[in-house]
Amino acid sequence: MRHLLLIVLPLLVIFALLPGVYQNHLLLFNFVIFLVLAQGVNIIYGFTGYLPFGYVGFFGAGAYGFAITVMHYHASAPMAVLVAGAVGVALGLFLSPLLRLSGAYFAIANMAAALAVLHFVANPALEDITRGPYGVSLTGTFNPTLAYAAALIVLALTMGIVVFLKNSSFGLALQAVREDPVSASMAGVNVVRMRVIAWLASALVAGLAGGVYAWYVSVFFPDNVFSSDFSIFAIVFALFGGVATITGPIIGVVALYGVYNLIGFTTPQYFQLIYGLLIMVLVLFLPAGLVSLATRRGWRVP
Amino acid sequence: MLGRTIAAFTLGMTVALPAIAADAPTEIKIGTLYASSGRYASISMPVHSGLKLWIEQKNAEGGVYVKAFDKKIPIKLVAYDDQSNTATASSLYNQLITQDKVDILVADSGSVLTAPAVAIARDHKMFLFNQTGTGASFFSKDNPYIALMADPVSTIWPKPIADFLIHDGPALGIKKVAILYSTNEFTGTQATAVRKFIKDSGAPLEIVYDQGIPTETTNYTVMINNIRKTQPDAVIHLGYAPNDIALLRNIGEVGVKFKMLFSIYAGLETELLEKNVGAKGLEHVFTYVPPTDLDYPVNFGMTMAQYRAAWNKTYPDGKVEFGFNAVAGYTTALVIEKSLSVATSLDQLELHRAVFSLSGELKTLDGTFGLDEMGGQIGELTPLGQIALKDGHLKFVEIYPHDANNSKPVYPRP
Amino acid sequence: MSLSLTSLLHVTGLVKRFGGFHALDGLSFHAAAGEILGLVGPNGSGKTTSINVISGLYAPDGGNVTLDGVSIGGIASHKLVHLGVNRTFQIPKPFLSLTVRENIAVALAYGRAQVAPPTAEALMDEYRLTEVADRPASELNNAQQKMLDLVRALATRPRLLLLDELAAGLNPTELDWISARIKALAQTGMAIIVVEHLMGFIEQITDRVIVMNAGKEIFEGKLAVAVKVPQVIEVFLGGEHAA
Amino acid sequence: MLVYALVAGVLFGLYFSLVGIGLNLVFGVMRIVNLAHGDFLMLGAFVAFGVVTLAGLDPLLAVPVAFVVFVLVGVALYKILVPRLQGSLNPEMLSIILFFGLSQVIQAITTIFFGTSERSIPSSALGSIFTTARVKLFGGNADDTGGPIEFFGQSFPASWVTAAATSLVAIAFVYLYLYRTRLGTLTRAVMSRRDEALATGIDVDRISAAAFGIGLGLAAVAGVFAPFMFGSVTPAFGADATVTSFAVVVLGSLGNPLGTALGGVVYGICYMLVQTYLSSWADLLPYVLLIFILLLRPSGLLGRQVRVA
């Protein structure tokens, strides 16, 4: 409760007020999207140790779930966002056998799965359903204000999940599974079910985020919403801040994505070089994330 | 009636007045994105370089003439690197609109990186100068805030190929046609168009092979063998530059000779392909005759020869090849320049009106500029040509449509 | 509860194969509530494997395991925990990044103990973990990690507790102390199976031992008797001579 | 069509073994996921490009150059990056991010120097030293180069055969290194039980540095052939190459470099078969194949059953 009040509420209020004072709403929107995705990575990686290297698969599937619902069923955008979340969960369920793998194997298989979904959606054979490689245009539902509000709701939900994990024995049990699945099962924890639940929760928020993104961007190709940049950014942000905490990924997104955009706005000619070097330096000198600066001093970080 | 006249008059005044009254700005801000890295860098950089060249040139002359203020105003280029990243592209487009408050918004090259700009531009009522984003989903009758500058829309671009096959093919003995295309919006749409033109014509042509392959494909040996098995009289390959490079190299390496082979980029990016495939590999290849070779008569801007000279002077290191994309960037620039010289204000709908008023009038090194009502580019249909090798130099021979200065194709390929 | 020792665990003809190797080859024994049973035998005789099968880590390839007459062979570990089976590990496996208190909290929350388990405070107090309660388990020494492992098991209120070399590495004072604790646990009606190499420890706490060799039992009874049985002597001494 | 696809698959697949083998060596020894693997391939291609354009030599000569240069680069990079990385809590996962950063840096620097356009080398240049030697020794026509090579009455690009042959040599080299040298034996010991190897006093650091260097060296050697196998190369080429390498490596079994040889061939044959019979789905194949292999045999075709959680 304290966490909701002290961390989540201020975050939401800030992002709800910012559009009034700062006009680049899409940048704010992207911040919100990456907050959701980084926290989604936090749910699955921070609490269970599975690195979702193909996390964008859920995001893209959600975006196309949104698009298909709007194009073929003429549903309202909020309805389509819910469908997007459902599509994310369905894909998560379909891919849940991957959880049998561990470490780098899981990461690689997940990346492969995301690419497989991309090439499936983009295949011309599915043109009647997904518009294949030809891209979708959803100008009928375009509404940046509502889409931004929806993104904030998705963020609230995501933060709610993370706060629950951080403060519940459920979250504790997930971390126990991450540390040692055998020992966790001997504490009475149903290891498989716990992992699947975390996996699906993580898929749900990514699917919802994808739906909201589709709503805002409204004109896109498969390559736009399945770009591996989404996975990598979300993972890098989450790790940079520090996973298995509530604040870590938030700090990660705000600091690193902030720096990223700052470089992009000011020194575009060395954008990639500076950003690449920055990531390397961070991993080498702050391997446990920014929050480790505090935990090293013995402070508890929520 | 009277009321309407007064209303119209008042409206006219309100549009005209600020243009006269407002102080001229010290600079015209053109905002654009480019991709210096990632998947789309190789198509983005030549286009962007073309635009930059024009800006440097204009600024050296003291700026670009802006009718709204009846004077030359220097151009300020605000360009961000989206690194082929679409999320980054979307916030950068918005940055250009909302923070930099650019006067003119120019999209990055290619459909994937143009897509994030379409809805944002429309939302902010900014006219989007779409350079090469051919995506059909961008254009609609209710959106006045976009027009395609350089590439013809993919649905009509391949018409000369189809027409050649339909009208001249049977006489040459072309009966069986093979179509191989990369499954992306750009080349997939062209394949659909070719197929439709041929089927609708009722010409005695049989499509014996019709396969889409992933755009990432860079290895054609097996496909070449499969196509050869169907004994086609003509092979139409619709792919991006790396696809063309790989296909043409593989054909040479395997030693297969198709009687007729069409490739898009043999013409569009001849310099690039010659570097990668070699002159020999391009001989007898059918392709779109690029504006770089056609030497369209211009009524605005540099001629092709002048532009090529300027390019070589500005970019002497050869890191970015001179070709269709380089021309596309400059063409966009010319449309902007001309629009500024006729637009009575910098209002975005006025820009729209100015751009559309150029349709059919503006003749640049890229040919006639022409727009359909939705903003699709239909100006100049690139003719079909064939590459000939003379003394080690590549030359385009125009094949179709028939007119005074074209010749007979070399068919079948010797 | 009846005062007589009712048999809680029955193992009959248990078989476990790893490829062609028969780690368990028809093992049979039983354990009663309130009893401390020792499992002894040379290395590779199948002691740890039998614990792993009984605690659900491996599914048996043959034979039967029953708890209170209900077959439990092949049931997933966490369900066995809910049925009242728990264990410790030879190399303790606490949740390293969680604090001691959190480690215990997981077992308390998910153990579904049928009888109300002791509180985390009581358990930490009893097993000398109070002063490290808020430290991550990774900072504990080996003996403390072993105690945490035991506490994790106890927090689920098991009826059958399997201890895999709990005593190894403890000093004599700690040994006396832990013996007393284990005996006290048995007094509450818990069936305890102890796998141990330290014969002194086994003698001190067990009521009865099963001597194992090559995946099956070769003796059952008091340790004092066992050491006089030629077959048992041969397994232990012969094994060592051969090595 | 079937025979053609099979032969092409074997040639193509052998090359892919070479593409993946360095990645696998690095993972096997250090549990490091080198996400910049494809970028080292790209750099190898630029070495070949330099050898051809600056020195006018046969790109085959770039093979030893690229190997030596990148072994040294690898050892140096190892010293800078890996010890710090392995001091962290979860080096396997962190390596993914670290090497993503490195990949960005390599791409950015290459772009600054070479631009973004497609680059390649004429097919006839590859193997031209053999032609020159043949002409010098036996006479004959020097123009008669770059032609296809025939197998079973079907023609295949000569460059594929050269690349496949080089791959075989490289695989043999890796085999000899691992099984016939002292350093190699120790390398295998580290691969199977890193902690025990550390405990027994093996100089794990030195072995890892060597493996890292050789891994990058092999990637660069594979890169020399990239302009021929993929038509052309741009600085952005690395990302796709890395993904394909992963598919090949996991097919064979992660951590077993020789399994990669098999993985490459299986991948090559499957790829060519799908391209022949289901071409538009060809890019789905590597990923679906990879997922299925991982689920059915998590340790790869030639792996031991050790990795299920």
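Read from first to last, the chains carry the letters A, B, C and D; within each, the first residue is number 1.
Everything that follows uses one rule, which is that a residue touches a chain if its C-beta (ideal position, glycine included) is under 8 Å from a C-beta of that chain, and two chains touch if they have at least 3 such contacts.
It should be emphasised that the depicted structure is a prediction, and the values quoted were computed from it without experimental measurement.
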{"item": "Between chain A and chain B, the fewest steps along chains that touch one another", "value": "1"}
{"item": "Pair of chains joined by more contacts [C-beta pairs], A-C or B-D", "value": "B-D"}
{"item": "By mean Cα position, the chain sitting nearest the middle", "value": "A"}
{"item": "Geometric centre distance via CA averages, chain D-chain C, whole Å", "value": "50"}
{"item": "Chain B and chain C, separation of their C-alpha mean positions in angstrom", "value": "76"}
{"item": "CA centroid of chain B to CA centroid of chain D, Å", "value": "37"}
{"item": "Centre-to-centre distance between chain C and chain A (centres being mean Cα positions), rounded to whole Å", "value": "43"}
{"item": "Chain B residues counted as touching two or more neighbouring chains", "value": "36-37, 39, 183, 212, 214"}
{"item": "Two or more partner chains touched - positions in chain D", "value": "107-108, 111, 239, 280, 283"}
{"item": "Two or more partner chains touched - positions in chain A", "value": "119, 123-124, 271-272"}
{"item": "Pairs of chains found to touch, sorted by chain label", "value": "A-B, A-C, A-D, B-D"}
{"item": "Chain D to chain A touching residues, read off their complex", "value": "27, 31, 33, 81, 84-85, 87-89, 92-94, 96-98, 100-105, 107-109, 111-112, 239, 243, 246-247, 250, 254, 280-281, 283-284, 286-288, 290-291, 294-295, 298, 307-309"}
{"item": "Residues of chain A that touch chain C when the two form their complex", "value": "169, 172-173, 175-176, 179-180, 182-191, 244"}
{"item": "Touching residues on chain A, where the partner in the complex is chain D", "value": "45, 51, 53, 97-105, 107-109, 111-113, 115-116, 119-120, 123-125, 181, 228, 232, 235-236, 239, 270-273, 275-280, 283-285, 287-288"}
{"item": "List of chain A residues in touch with chain B within their complex", "value": "23-27, 29-30, 33-34, 119, 122-124, 131-137, 139, 142, 144, 216-221, 223-225, 227, 229-230, 233, 260-261, 264-265, 268-269, 271-272"}
{"item": "Contacting residues of chain B [partner chain A, same complex]", "value": "36-37, 39, 79-81, 83, 85-88, 90-95, 98-99, 111-112, 115-116, 118-120, 122-123, 135-138, 140, 142-143, 183-185, 188-189, 212, 214-215"}
